[in-house]
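Each of the next two complexes has subunit A plus one other chain: subunit B in the first, subunit C in the second.
Take a look at the complex of A and B:
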């Protein structure tokens, strides 16, 4: 009789590997997944750069102020990508999961999940980039109000970062103090 | 980190087992440079500025103007802290150029600085507005948002510190990997000294150390100013 339960076949196949190899493989997948978050900052910073070009074309004399707002805004939009990079680097170079005791399946899944959770960074990246673009655009139109525009933009971007921080906290909890391992 | 990119332990405090890492010793080096500079620059001030005094006056004046512009004229008293923060961060982030490990590539440094900002935000908000108005601010715009507001406040130091730390440590690791790769490459084509390590990493140093380092120092100081002044208004 042929066994058709593919999930069980897969899990049994997984279990045929060495414990450490399994966790390291999962960490590799997790690190890769984490960096998908780079989509967000990419789109966002691109939008900000486009708005910077627009602001310069509208009012070349005040391009310096617009560029400053663009650089600051884009630098903040990069945060989610950097947070994803931190998680990926922890998984690659300082993996805390390798030495942990407990079910190998849970640990491996946690490594992948830590990476997947960082994909949330796509959202803040796009959103903050949009804010940076709008800030750049309005600075180009009304350079006199640069500091007020910058303040509003920074405040909004800081709030937009919150979901990315949630993702980071979940990723760090999964890696450093996994509550699921204690339930076993 | 056990992978080899964490700060090295230089020595442990005698009699205890408290480790003193590279981060601390490199911060001491930067502190010594800054103290020496301030001492030499301010030793003999003439009524008519010349030489170094011109530069120092320009710097101090620029920081005061920048703070007044960003935080408002009534909060110009923050300028000394903001200036110190910015100069320290620029030196710390550029330390990689002088082959010493940037202190900001350690979460302890950036988290410490972010916590100073965090306590400044709340201390000056209470001082300016009074405890009642301050606490009521958490119920704005409507009371159901209390939890979100509290989490939002707690997220501030986390995002501040991780942004700076991630940028610097990311650059540090990429540069380390590049130097290692170039050494291996020059070894594999039979060169006894890693000659490929010369000049090739320079553009990456300009991006990761100079551009990202200065931009992130500026963003950190800027956000500190904006958060404190918004909390006070």
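Take a look at the complex of A and C:
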């Protein structure tokens, strides 16, 4: 029966490694997960650019206003990519978890969790890019309402960004002031 | 200089102004402010350059077919992503740059865009305090 308890066998196998090596390995996995968030802004900006090209081809006279809205929208859509990059690079090059005392399993799991939480950045990236695309499209159709469209788009993008910032806060808490270690 | 040069100039001027105010504030009110100031200036400069590259990319992308524009804009985004990665890596490695300053600098231009476009209308604030049932 004991031989079939794979979870225990796996955990015992993990514990056979050096403490530092285990935390660094978990950090590497976490950094990899965090980088997944970089996809979001890529898709979003691509969508916005596609809509910009569409708006220009439909009504070339309004292309100037449409590009201005697209530029502002696409600029904002990049933010979650930068935040994910920050967490991934802190895990790789400025790792705060290696020096922490406490259960190695909790610290290693926190390193992976910090990376996984940053995957939330995909959502704001795509969402903000989508908003930028739609803003560009509507400005192409009705350039007279450019300022209203821009304001509405940015308001939507600011709201969409909040989940990305929550993810960053959770990742930073897990890395720098882990509350789970105090419970042990 | 392209369609959007005036918009870029407006954003750059505002960003530079705010950063200068922050730098002066840091220099007066904090001890050993140099790493933070260097980090802030470095991050802001890179974010401004990235914004300029974004503008050039989008100005070019709108002249393409929609599907091609999508691929072009996405591929250029990843180049900027790598640039940001290198900047954050350098700031983590270099002792004379404060990483928090660099991150604030990188995000500064986005904050300026929000502030410039969302809070530039006095009527917006006035409307908040007008009670709808009183109309």
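Just so we're on the same page, the second predicted complex is superposed on the first by the 182 of 184 C-alpha atoms of A that agree within 3 Å, B and C clash if a C-alpha of one lies under 4 Å from a C-alpha of the other, contacts with A are read in each partner's own complex, and residues count from 1 in each chain.
We adopt the following convention: a contact is a pair of C-beta atoms (placed from the backbone, for glycine too) under 8 Å apart; a residue touches a chain by one contact, two chains touch by 3 or more.
Nothing here was measured: the structure is a model prediction, and the numbers come from that model.
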Superposition on subunit A - do subunit B and subunit C clash or fit: clash
Subunit B versus subunit C as contact partner of A:28, first or second or both or neither: neither
Contacts of A:162 with subunit B and subunit C, given as first, second, both or neither: first
Contacts of A:89 with subunit B and subunit C, given as first, second, both or neither: both
Subunit B or subunit C, by number of subunit A residues touched: C
Partner chain in contact with A:181 - subunit B first, subunit C second, else both or neither: neither
First, second, both or neither for A:50, with subunit B first and subunit C second: second
Subunit B versus subunit C as contact partner of A:70, first or second or both or neither: second
Partner chain(s) touched by A:116 [first = subunit B, second = subunit C, both, neither]: neither
Partner chain in contact with A:36 - subunit B first, subunit C second, else both or neither: neither
Steric overlap of subunit B with subunit C in the superposed model, located at which of 5-13, 41-49 or 149-157: 5-13
Residues of subunit A that lie at the interface with subunit B and also at the interface with subunit C: 71-72, 75-76, 78-79, 82, 85-86, 89-90, 93-94, 150-151, 154-155, 158
Contact footprint of subunit B on subunit A as seen in their complex: 71-72, 75-76, 78-79, 82-83, 85-86, 89-90, 92-95, 147, 150-151, 154-155, 158-159, 161-162, 164-165, 168-169
Touching residues (chain side subunit C, partner subunit A) in the complex: 3-4, 7-8, 50-51, 54-55, 57-59, 61-74, 77-78, 80-81, 84-85, 88-89, 92-93, 99, 103, 106-107, 109-110, 113-114, 117-118, 121
Subunit A partner contacts - residues on subunit B that touch it in the complex: 1-6, 69-70, 151-152, 155-156, 158-159, 162-163, 165-167, 169-170, 173, 215-216, 218-219, 222-223, 226-227, 229-230
Residue ranges of subunit A in contact with subunit C within the complex: 38, 41-43, 45-57, 63-64, 66-68, 70-72, 74-76, 78-79, 81-82, 85-86, 89-90, 93-94, 150-151, 154-155, 158
